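What follows is a set of structures to go through.
In the two assemblies presented below, chain A is common to both, partnered first by chain B and then by chain C.
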Partner chain A sequence: MSKKNKSQANAMDDRMVAVEKEPNLFKAAFLALKNGDWAVKCSALWMGAGYLARKQYVKALIMTLYEVAMLAFIFVVGMPYLADFGTLGTVQLEYVFNMQTMKNEMNDYDNSFTILLFSVITFVAIVILFFSWLANLRAVHKLQKRAEAGKHINSFKEDVKSYLNEKFHITLLSLPVAGVVVFTVVPLIILIAVAFTNYDQQHMPPDSLFDWVGIENFTRLFTNGLTATFGYSFKTVLTWTLIWAFFATFSNYFLGIMLAKFLLNKKTKFPKFWRTIFVVTIAVPQFVTLLLIRNFLSDSGIVNSLFAQAGITDFLKDIGLVAEHLDYVPFLSSPGWAKVMVIIINIWVGVPYQMLVATGVLLNIPADMTESAKIDGANEWHSFWKITMPYMFAVTGPTLVTDFVRNINNFNVIYLLTQDVYVTTNQSLALSKAKEIDLLVTWLFRLTQENYNYKMASVIGIMVFIICAIFTLVAFRSLTKGDKERMFQ
Partner chain B sequence: MKAKKIIKSVLRHGFLVVLCTIWLVPIVWIVLTSFSTDPGINIRNFFPEEYTLVNYHKLVFGSDTVSQFPNWFKNTLIVAIATCIISTSFVLMVAYAMSCMRFKARKTLMNLSVTINLFPGVLAMIAVYFVLKNAGLTNSHLGLVLVYSGSAGLGYLIAKGFFDTVPTTLREAATIDGASEARIFFRVVIPMSKPIIVYTIINSFLVPWADFVYAKLILNSGISSDWTVSIGLYNMLDRTLINHYFAQFCAGGVLVSIPISILFVIMQKFYVEGITNGAVKG
Partner chain C sequence: MKLKKFLALAMTGAMALSMTACGSGDKKDDAGNNTSNTGSDNTGSNTGSNTGSNTGNASGAKEEVTLTMWGAEEDQTMLREMADAFIEANKDAVDLTIQIGVQSESTAKDTILTDVETAADVYSFPNDQLNELVAAGALMAIPDEMGRADIEARNTSGSVAAATVDGKLYAYPRTADNGYFLFYNKEYLSEADVASWSTMLEKAAAAGKKVTMEMNSGWYTYGFFKAVGLDSTLAENGVDTLCDWNSTTNSVKGIDVAQAMLDICKHEGFIATEDAEFVTGIKDGSIIAGINGVWNANAAQEAWGDNYAATKLPTFSAAGSEHQMYSVTGCKLVGVNPHCKNVGWALKLADWITNEANQVKSFELRGNGPSNINAAASDAVQANIAIAAFAKQQQWAAVQTVGGNFWGATETFGQTLQDGNPEGTDLQTLLDNMVAGITAPVQ
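What follows is the complex of A and B.
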């Protein structure tokens, strides 16, 4: 059914594209300037003019107010900051003794971060104004053509109504898009900019200024010095991040499917009961379970005292898994153990969820496919690998990619399990505030929280983006190469 | 033959019992410890020596400088409800526009959203903190709600996948009957999408209960009555406090989990339907 819908949707898509074949925004605006009448040309300066000429008074008023507000913001609020954008401020905070009040007073200092922030906001405002200016030109030009052709010109009421019908997408999207711009796009631009400055503990506004330094931070990430070991740390943390993402993604994926399959098997009694038990573990908030497990497994925690009582600790010592000088199992405090443990704990956290998803997908496998395999004499193991898995792969392949990216950025599991518990003994890592167990994201977070090293944190963030982007592009390209879904239709 | 079958069945269910035990051990431990008379961590035995309700009583009625559970619960609930309303509307709005409507910027916007999603959330988070600080919204619940729900529109993909499965013919029929897009949205598509709406509501409602990092970053004043449940409980595990508050931490964990678990088990059916339809057919 879904395939049919899709092809219908595609057909509709093509039709709509054919109808919508018109010049792009830039060209349309240019044509409007060239061919429009005086009212359209006036709109280039006064955005309400085109509407006023067609007696759309309310719209003219709205556009005028919009233009005035935007220009006022850009010139009155934004410009003073934008003027300092090149230097990020020159006046350092100082206390000046004021003879009149007999007190030390602050001078009129520059705050580099405020300058950066407002400059970015002003940039965004200028871009928005520019595009709405183009769109406005096109709209008034269209209006002129309609008027010349003697067609009906919308009243304000009809215009409003169109935003509930053919322009409904604008109504729907404007607020969410604004939210994304304010809470994701602007912050990201700011931090990308910070990667090219020297914003760190020695250059913290408001007490001191920071400045542009070009790509110095990026080169630092790939080189090693006596005291700056970012090159080494980056390589170590990146390697572990990729290993972690690989194991975390695939262990959850396969074990989740196997568990789902096991519970769906007709021979399993009370499948609902078992499934509910696993679901209950999802329902307990992650930070509660993770913090609990952290204390459960801590060096002087309950598991360790039970292990010591049962002699397991000594046994692990004998076979060399625990260092001689320790009298506990360093579940979350030595590199080797901690790495294995976080992957196992992540299985505990993630498999029930994956099981739920897989259950739904498995129920959708056409029964005749597995039936016919059974008739052909395939045993369960065989049909699992030859039929179930390829089907799962075809339908959930893309989520595998997004899961991998999510695990590269899996902050919670690592941070909650190892923060305050894991201490690195590796001096080179410690110099750049990294730990063996850190992912790139936890490293960058701790750089900002413990070291105020915003410049390097931003650089690492950009590297994470690049890695995720490359991985996603490559994975999706190979996933969409053959239309595997068709095999199962 | 029959004996073999029985053995196989016993093995099968024995295996399940083992698995469930592994999965339930931490949960059982938290419940047991919450009833323990020892306020700190019991590191000797899995089972407490004596059981009492005093931890719950302290948590609910005996607020002190460290433990302000009733306040935390109230704060989190308010934030969760507000987040839930805004996020769910944003997600459904974006999903409908991207799934059911055709406009020029559609492909561009979809590609942009994919690109933005590739940036690590932690990176944006650090900058959001500065933006909120400049706007004077740190240490306020409004700021927290905005952080949780502001970018919610980016998470529209699963809902879009679900809307894609609503037959186009239905919408076309409604259009022929003279229904506007807004009417189709509210009267045709939304009523047919109960699973995905429930899924979105649960997911966004749970964000403030589960999130720890944003809350810690934004509510950083140290006034514990302003905190949410997660930072409050995390604080109880501080080195200096853990020996007096660990049992209360467990009691708090149980109290938070009960409503969420009930919600989850009831909504399980919708949850599975919503996510599979959305994830698979998208």
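What follows is the complex of A and C.
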């Protein structure tokens, strides 16, 4: 695995060097405008001109159509919305019932969200057009130089062929990039924009308009008072989110490795059978398992009646783990119990994945290392901590980081196990619709789904992003310090 | 190495991005629907179909109208029959198509507010969602010329009041049974026993059984405070809530009520349950009495058979005297979405679904208590045990109108009592915190 990575990285490095030799896009476009001939300069206005001059008729047509389509979208569809972007609309919905036609006659009202959405799409379209305009200038300038040097100029067929051969990476990447722009970049910009508006239940389109409010929502997230408790709730939820992410990640990680170790041990009987058993948990859809467990563990659920019959509930009461007046164990309904339970259940749900990953890595540990350690007198325990774990860390370090980030956003386990079951007893949390057991994402989700508080949800979404970004940066920095791979060569 | 690092970073970054962005991805979808709808709304209602219907009338052809209607899953067959009858009754005037979708009434508001423009044209919901639906512009005020006076005359005044905001009638009352009362098992409890919480709890504890109600819900706990004259109402702005449940000046103080509730919660004969647990409890025999509503009448009747009984709510003891517990005057309502393209026909459909004949049908098929005065007066309705109990409770019932912050705060307060106030917090502090939460401005 490591060797392959290396050669790939090398190849990419080479490519990088090749790219760096060219001037950057802005400079190239500027040079094209300055030094290009009339056709190149013409294509600053009409993107097809440069190709037409070199007799690339199909390309000229495509670029012309592209330019017309983009400009038409920006000016015809986008501009009316963009004009309202500053106010997010001013005309409130009104309607009168017309007895004659039996229909409601509505005024030409503004929908703040549509304005925001189309403005953002138009912005993105403008940026895309701008960069393709620059790239186009560079391309036609290059074309001009080729023509002047008497080099061969590609026909359309040859161009298409090149995208299937030496430029195949562009063909491959174009769809994912378009997907990222449409499904990630645009919604993300909208999410960020909403954080600066008052989009909530009192300002819901189409009936009402929402408006820009500056950083008011961010201030609210960090202030705390008797009637505004977002500051307190954010602190509480963030703390638990980090605790959860830590325990959920490392419990799975270590137990996964140990399980893999155990299954790889020569003394273990029927390893395949055991492995299959554990992998079955992956095969069952997670939400089914989680909802079933929630029912099993509910206050009047099957586990509680078994516990009560077996006297375990009374025992737990005696040792003070269950409050005196309860006749059930509040597995998922009291803060302490619920927090421990979700971590344990998460182990059960998540360990099989980690086991599979660890099995692969463990099989890759050079046997001579462990053998020579054995000869040097190291016992199993020593060789586990001195050889296996450092090796695991070096290879799976990056996945550990992504796991941590994934757990910060681990919506399923928490939401499915505690929704409708867990009720907070803390009024400050209740006021900002949070619960002790909430992660930032589940809080965000309920804010939007149950309270339509899109503005605060967006602010929390941005916070989640910042936290994940900072964590990822810091963790990767320390992980990639020094060349650990070489250590094991 | 540098590039590799960058790649790894970019990938984790993209992962975090895609995760945080998933919420807004949904929103985008909705917005897509929005825009396509506004487009067709504007052109459709202002030009297209107007001229369409005008020319249609001139040439004598029938107008084509499509309506969508949402109702509870268990009402689907009944609604289909009613809709088909409506189509039949109007077949000379209009070519109707009615699509019926499943939407649980208890979560109707959540689905509709997510995107008002794509929500159903006609939908059924409980009256405690009325204010928020009106505030979001999801309900059409019934115009006078569409027979408002008739609706107000044929339904009980309580149900009309529950459908009215600021003097405008926003929905058609469909049932008048959405309140709570007491179910009990005659095998263990007599009518005298269930008159008060204390006797009932003692008897239940002695029999090793439980009495139940939902404590962590402001809908139910309202009944304790209202009983002594403490109230929770909607503020002037129609969004926030006013509340004096922590009163120290009332003849029975807030703390006395809280103490009474806590005593009930801590009693050996009491268990707090939610709706589903209530049904489980009466089926397995552990619960012999409970506060609940008509929607569980069939379950109780099946479980208890001849011993099935229902009556008004019990009294509770606070500040040294007994107080009759209150209930809410609740109804199921049918509303019309103003964004509907054929709102006139939608209003007529809603009117049809809730007329006398269909309320009788709804009682016969689904056991719903009619809001229609004539339908409610029928012998069959009067003989229904659950509906009779509901009716008996009505002299101690009020329409509950509260703002958005009421529910979370009362839920938390109820949960604390239900847990037996484990940290021993001063009850007045609990009340003050709850009232601070209830009355906090919605933001």
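One rule holds for everything that comes next: the second predicted complex is superposed on the first by the 464 of 489 C-alpha atoms of A that agree within 3 Å, B and C clash if a C-alpha of one lies under 4 Å from a C-alpha of the other, contacts with A are read in each partner's own complex, and residues count from 1 in each chain.
The definition used in the following text is that contacts are C-beta pairs under 8 Å (C-beta built on N, C-alpha and C of every residue); 3 or more make two chains touch, one makes a residue touch a chain.
None of these values were measured; they are calculated from a predicted model.
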item	value
Which of chain B and chain C A:208 touches, first, second, both or neither	second
First (chain B), second (chain C), both or neither touched by A:469	both
Partner chain in contact with A:93 - chain B first, chain C second, else both or neither	second
Which of chain B and chain C A:66 touches, first, second, both or neither	neither
Contacts of A:461 with chain B and chain C, given as first, second, both or neither	both
Touching partner for A:287 - first (chain B), second (chain C), both, neither	first
Which superposed partner A:450 touches (first chain B, second chain C, both, neither)	second
Touched partner set for A:395, first chain B, second chain C, both or neither	first
First, second, both or neither for A:180, with chain B first and chain C second	both
Residues on chain A lying within both footprints (that of chain B and that of chain C)	5, 9, 12-13, 16, 113-114, 117, 180, 183-184, 186-188, 190-191, 194, 300, 398, 405, 409, 441, 444-445, 448, 454, 457-458, 461, 464-465, 468-469, 472
List of chain A residues in touch with chain C within their complex	5, 9, 12-13, 16, 93, 95, 97, 99, 101-106, 108, 111, 113-114, 117-118, 180, 183-184, 186-188, 190-191, 194, 200-202, 204-208, 220, 226-228, 298-300, 323-327, 334, 398, 401-402, 405-406, 409, 423-431, 433, 441, 444-445, 448-452, 454, 457-458, 461, 464-465, 468-469, 472-473, 476, 480, 483
Footprint of chain A on chain B - complex, ascending	8-9, 12-13, 16, 19-20, 22-24, 26-27, 29-30, 41-46, 90, 93-94, 96-97, 101-104, 106, 109, 113-128, 130-131, 134, 146-147, 149-154, 164-165, 167-169, 180-183, 185, 206, 209-210, 212-213, 230, 233-234, 237, 239, 242, 246, 249-250, 253, 256-257, 260-261, 263-265, 268, 271-273, 275-277, 279-282
Contact set on chain C toward chain A in their complex	1, 3-5, 7-9, 12-21, 23-25, 27-28, 31, 34-35, 38, 41-42, 45-46, 49-50, 53-54, 110, 113-114, 116-117, 132, 135-138, 140, 143, 145-146, 216, 239, 266, 271, 273, 277, 280-281, 338-345, 404-405, 408-409, 411-416, 419-420, 422, 433-434, 436-437, 439-443
Chain B contact footprint on chain A (complex, rising order)	1-2, 5-6, 8-9, 12-13, 16, 20, 113-114, 117, 161, 164-166, 168-169, 171-173, 175-177, 179-180, 182-188, 190-191, 194, 259, 262, 265, 267-269, 274-289, 291-293, 295-296, 300-302, 304-306, 348, 352, 356-357, 359-361, 363-364, 395-396, 398-399, 405, 408-409, 411-412, 415-416, 420, 440-441, 444-445, 448, 454, 457-458, 461, 464-465, 468-469, 472
